[in-house]
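Before anything else, here's the structure in question.
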Amino acid sequence: MAAITLTINNELIGARQGQTILDVARERGIDIPTLCHLEGLEEVGGCRLCLVELQGSPRPVPACVTKAAEGMEITTHSDKLVEYRKMLVELLLAERTHTCSICVQNGNCELQTLAAKLGIDHVRFDYLHQQLPMDASRERFALDHNRCVLCLRCVRVCDAVEGAHTWDVRGRGSTSRIVADLDRPWGGSTSCTDCGKCVQLCPTGALFRKGATVGEMIKERGFLNRILERRRLAAQRRSA
Amino acid sequence: MAENPAVPPVLNADPRLKVVDRAMKRLRYQPDALIEVLHTAQEAFGYLSRELLAYVASQLKLPESQVFGVATFYHSFTLRPKGEHSCIVCTGTACYVKGAGEIVTRLEQAVGVRAGQTTADGKLSLGTARCLGNCSLAPMLTIDDVVYGPETPDSAVEKLRSLVEVTDELG
Amino acid sequence: MSRIRLATAWLGGCSGCHMSFLDLGEQLVALSGSIEMVYGPLVDAKQVPDDVDVALIEGAVANMENLELLQEMRHKSKLLISFGDCAITGNVTSLRNFFSVDDLLTAVYQAGPGSIPRSDEDGAVLPELLPRVLPLHQVVEVDAFIPGCPPEPERILAAITAIMEGRPVQLNEDQRTFG
Amino acid sequence: MNWVELVELAESVVARQQVCRLRLLVCCGTPCMAAGAEAVVVALKEKLAELGDPADLELVSTGCQGPCSRGPLLTVQRPGQPELIWQKTTPELALAIVEAALQQEPLPEQDRLPEDWPFFTRQTRLVLANSGRIDPESLEQYIGLGGYDSLAQVLIDMAPDEVCSGVVRSGLRGRGGGGYPTGLKWQLVHKENGPRKFVVANGDEGDPGAYMDRSLMESDPHRILEGMAIAGYAVGAEQGYIYVRGEYPLAAQRLRNAIKDAEKAGLLGSRVLDSSFSFRIDIRIGAGAFVCGEETALLASIMGKRGQPRIRPPYPAEAGLWDCPTLINNVETFGNIPSIFKIGPEAFSAIGHGKSRGTKVFALCGEVVNNGLIEVPMGISLREIVFDIGGGLANGAAFKAAQTGGPSGGCISAGQLDTPVDYENLQALGSIMGSGGLIVMGQQSCMVDVARFFMEFCLDESCGKCVPCRTGTVEIYRLLSRICNGSATNRDLQHLEQLCRMMKDTSLCGLGAAAPNPVLSTLRWFRHEYEAHVEERRCPAGVCSMHELPVHLLGEQLLQRIAASRSDGEGF
């Protein structure tokens, strides 16, 4: 693969053609925060946390989808970016009702960790306190809309990896909400296979295993790349 | 020929379904045709019921949640039955500048439902639109797709009098 | 050096943050040389003194009484700290924001055995509820935040140490998680 | 049909019209219809029938003639005489005009618009050249005014890359709002390889207070088809789509008919004008989502999906519909194309100002005397538009602001009235050209409330994909509402600005990035109004209710009350 050189935070860095800025930065141990991104899933670019400044671009660009190119000059942690990321996570914390103290994911939550990492010790915006339902109709799992950040990991993994496409999004804008099938209770979903992939990938306590109590849920994400790798190998064998 | 097993019992033998079937056939059951099909289905049935959406999903071989996502993304689609008549007040910029807000408030009081709702007797759906493109008639409204404007709160109430019971007291 | 005059207050919260403060245990003895507790649920003072150095406020602003005490504390304190998740985020206290005050009172009282107790002029019977429970910083200027439900004693100690050393109160990453 | 037949047809139409003693053009645009144009048409039809429908008397139901607030409009053409226009035409007036014209008597002066009326004389009509002058349902009339001649010319005389470079030389930029050079876009798609390419016309005009595209589609549908066909030839596409806003059923109907007629005449379909070029156009109907005006969202919608924008690159020019190279332009942009090849790219580029060439269609609305649809050369000042063409504000009221660009645009204050209107200048003023909505506001408009109005719109129309737009619009709307109800503090004002800046920089698509513009531009030019709301709890325009108190004041009032009761010895 062709090699390219670019500058990240004033440091000259070699990269391979086709890598994203995020890949290159992470290889170098530069910590760009992400939320909707998850290796193995198609990118949506919705959380905007991985925005970086690119010399010559009037606005910051998302590192998760922008391909590294020869001669790029990138800044990953300017004051402005740090402030923007803080605001974005504050907006997420204000949008739904996350109340960490009473969450099964407390202590193991990506959103909680992100907030602390970004230096958020309070939220300057109004908490919206939308009264959203909890769907505990499925035998093994439950969905609490109050804790959803609409990262769409569940939608993507269910469609692309499990192939069930049980989840999608209803409505739009601030009324967007995850739905199963025709907005039926999850318990009545005929397309869901109970595989639990969505639950494991959910960054917050929106999707959780029943029976877990506050602070108990630890999610296991490693399966995703294992499955994808095995599928790739199987496909290779078939074509050989 | 055996009946299509995908047709839910409530829809079975509903002649309006033929219109939807024809549209899907014309569009060769392409998943891309979803929005076109939903337009046709809504025109035929007045609204998109869950049964209808499930039927369309099965015919176009689309996941139900995806069909539901599309049907709820666009404001033209409605999942609830609409009133016999419809009154839509334009709240675009020109109408807003010229007082559309007062007309909406007054009509809500007069017919006793909020914009976006249908009266209890099912006679009238009151709605607003984000600009109907008749800005020179601002503030304007449509009743059963006929354009009226410029309107005042009083003249708007008068226009609804023949369609639905209106209250004259101001709230 | 004169001791730091510390006041605490307990607004709309469960007092867990104060309990956690007490969990400092032996450390409190060590701190007593440099800190003087001048007001709060833990000491026997009837009035907020006029010259408080540091105020630790637990709980969210849920009613007029909370609002009054918070504003008095703000007026009389050099440094005001939101103490715990309720003060910072509204936390469990703010879960009533899902409902309107009227609906809430009806559900809690009228749907139960009794009638709704109504506030009198001065709020002496039942403090008048604010339409929404608010975190402190939406009402007054807040100088620092100690998150946690409750904040572990270590966090409290870190904050107090910073104050004693004249540094700004800024907890490190693993000490500023909510929950 | 081939070129020779096309030219012959055009000549015969012109010849027929020239021998007409009297041509009556009744505007049947929606505003004129609402004002009673249909009764005028019926009365005139009956009159002509009474006269035995002579071949030298012609009645035409046209699309929009322009000064919409003065309808129904009647234009009268007689050979060798200046064209005359009447406003607020009644059937009686129309009949009196016909009587007088047939008797060779002076025509009634009542409600006749002056011949030198600046509303018309200050305009330069290229895109709207045919609007209001032809029956939109008549292919013949379009051809009579030189329609499809540009298409014939490029098919016969020019190679596709020459067509692209012609558009580049014209200096045309996207009329949907972005202002991207159209010719460059065409060249990009032209250069792409691919077995299939597409041309898409964006007719999803969603800006509140704008109806240029609707009017164009309803008044002169063939112009758009011709523009698209030229584009198809230039970029190498054989299939086009017009995405029409669902709220515009008449526009869709007219376009459908036009496509059918053009196909029948061999001007669309396979082997256009007997050349080797084939081009088909299909209509797609929108379903009520403003965000579908964004090109990637529009493409998703054409493919039957939720109309959510996606990250660019890849741009539609590389991977658009079904991942094929796709050219997407606004319908007004396509409307310019036939004019460019009719008058020549150089002549087109001679019109305009700075980097903005040609003309722009505006929907001039709000508190201005002459509401309507106008087309002006780029570089004209806002003052000329508002006061010369628009006739100033109703009842001589004072001008306060002009809003351009809808929810993505901004408000321009009286101090900027003399700025020449072009893409760069409007942007420098914190607004945008946008699709061409231009709303004039007087002193009774509160600029904070205006900003709130637009933010409510964006909140409603946000697709929800990215965090800053989905949640930022809600929080900004709450802050603005608080400013309007009297409960805001200076800190809220500070948060408002922070959020707006962040949203502008971080939103995924243009809708989110531009959504803060109405707030930022009003903060810039009308900051004193915000401050009056926050610091003095006063709405200078008297629009906002200001009925609430900031929480800290609520507490202070209480403290005072308590202090008073204590000093009364009542205790607490």
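Should a chain be cited, it is by its letter among A, B, C and D, assigned in written order, with residues numbered from 1 in that chain.
Quick note on the criterion: a contact is a pair of C-beta atoms (placed from the backbone, for glycine too) under 8 Å apart; a residue touches a chain by one contact, two chains touch by 3 or more.
Just so we're clear, the structure is a prediction, and the values are computed from it rather than from any experiment.
K.L.:
Centre-to-centre on C-alpha atoms, which chain is most distant from chain A?
P.N.:
D
K.L.:
If you tally the C-beta contacts, which comes out ahead, C-D or A-C?
P.N.:
Between the two chain pairs, A-C has more contacting C-beta pairs.
K.L.:
In whole angstrom, what separates the CA-based centres of chain C and chain D?
P.N.:
55
K.L.:
Between chain A and chain C, what distance separates the C-alpha centroids? Give it in angstrom.
P.N.:
34
K.L.:
So how far apart, in whole Å, are chain B and chain D when each is placed at the average of its C-alpha atoms?
P.N.:
Spacing between the chain centres: roughly 25 Å.
K.L.:
Centroid from C-alpha atoms only, then distance chain B to chain C, rounded to Å. What do you get?
P.N.:
Whole-Å distance between the two chain centres: 50.
K.L.:
List, in ascending order, every residue of chain A touching at least 2 other chains.
P.N.:
Residues 124, 126, 169, 171-172.
K.L.:
At least two other chains touched by the same residue of chain D: list those residues.
P.N.:
289, 306, 460-461, 463
K.L.:
Can you list every residue of chain C that touches 2 or more other chains, as numbers and ranges?
P.N.:
Answer for chain C, listing residues that touch two or more other chains: 138.
K.L.:
If I apply the definition of touch given earlier, which pairs of chains qualify?
P.N.:
Contact pairs between chains: A-B, A-C, A-D, B-D, C-D.
K.L.:
Under the definition above, what is the set of chain A residues touching chain C in their complex?
P.N.:
The touching residues are 93, 97-103, 106-107, 109, 112-113, 115-117, 119-124, 126-127, 129, 131.
K.L.:
Mind listing the chain C positions that touch chain A in their complex?
P.N.:
Residue positions touching the partner: 82, 85, 88-92, 94-95, 97-99, 132, 135, 137-138, 142, 144-145, 147, 149, 171, 173-174, 176-179.
K.L.:
What does chain B use to touch chain D in their complex?
P.N.:
Touch list, chain B to chain D: 30-36, 38-39, 69-70, 73-77, 91-94, 96-98, 129-138, 140, 147-149.
K.L.:
In their shared complex, at which residues does chain D touch chain B?
P.N.:
Interface residues on the chain D side: 30-31, 33-35, 68-69, 205-211, 214-215, 246-248, 284-290, 301-308, 363, 365-367, 371-372, 403, 406, 437, 439, 441, 445, 453-454, 457, 460-461, 463.
K.L.:
For the complex, which residues does chain A have touching chain B?
P.N.:
Per the stated touch rule, the residues are 159, 164-172, 179-183, 191.
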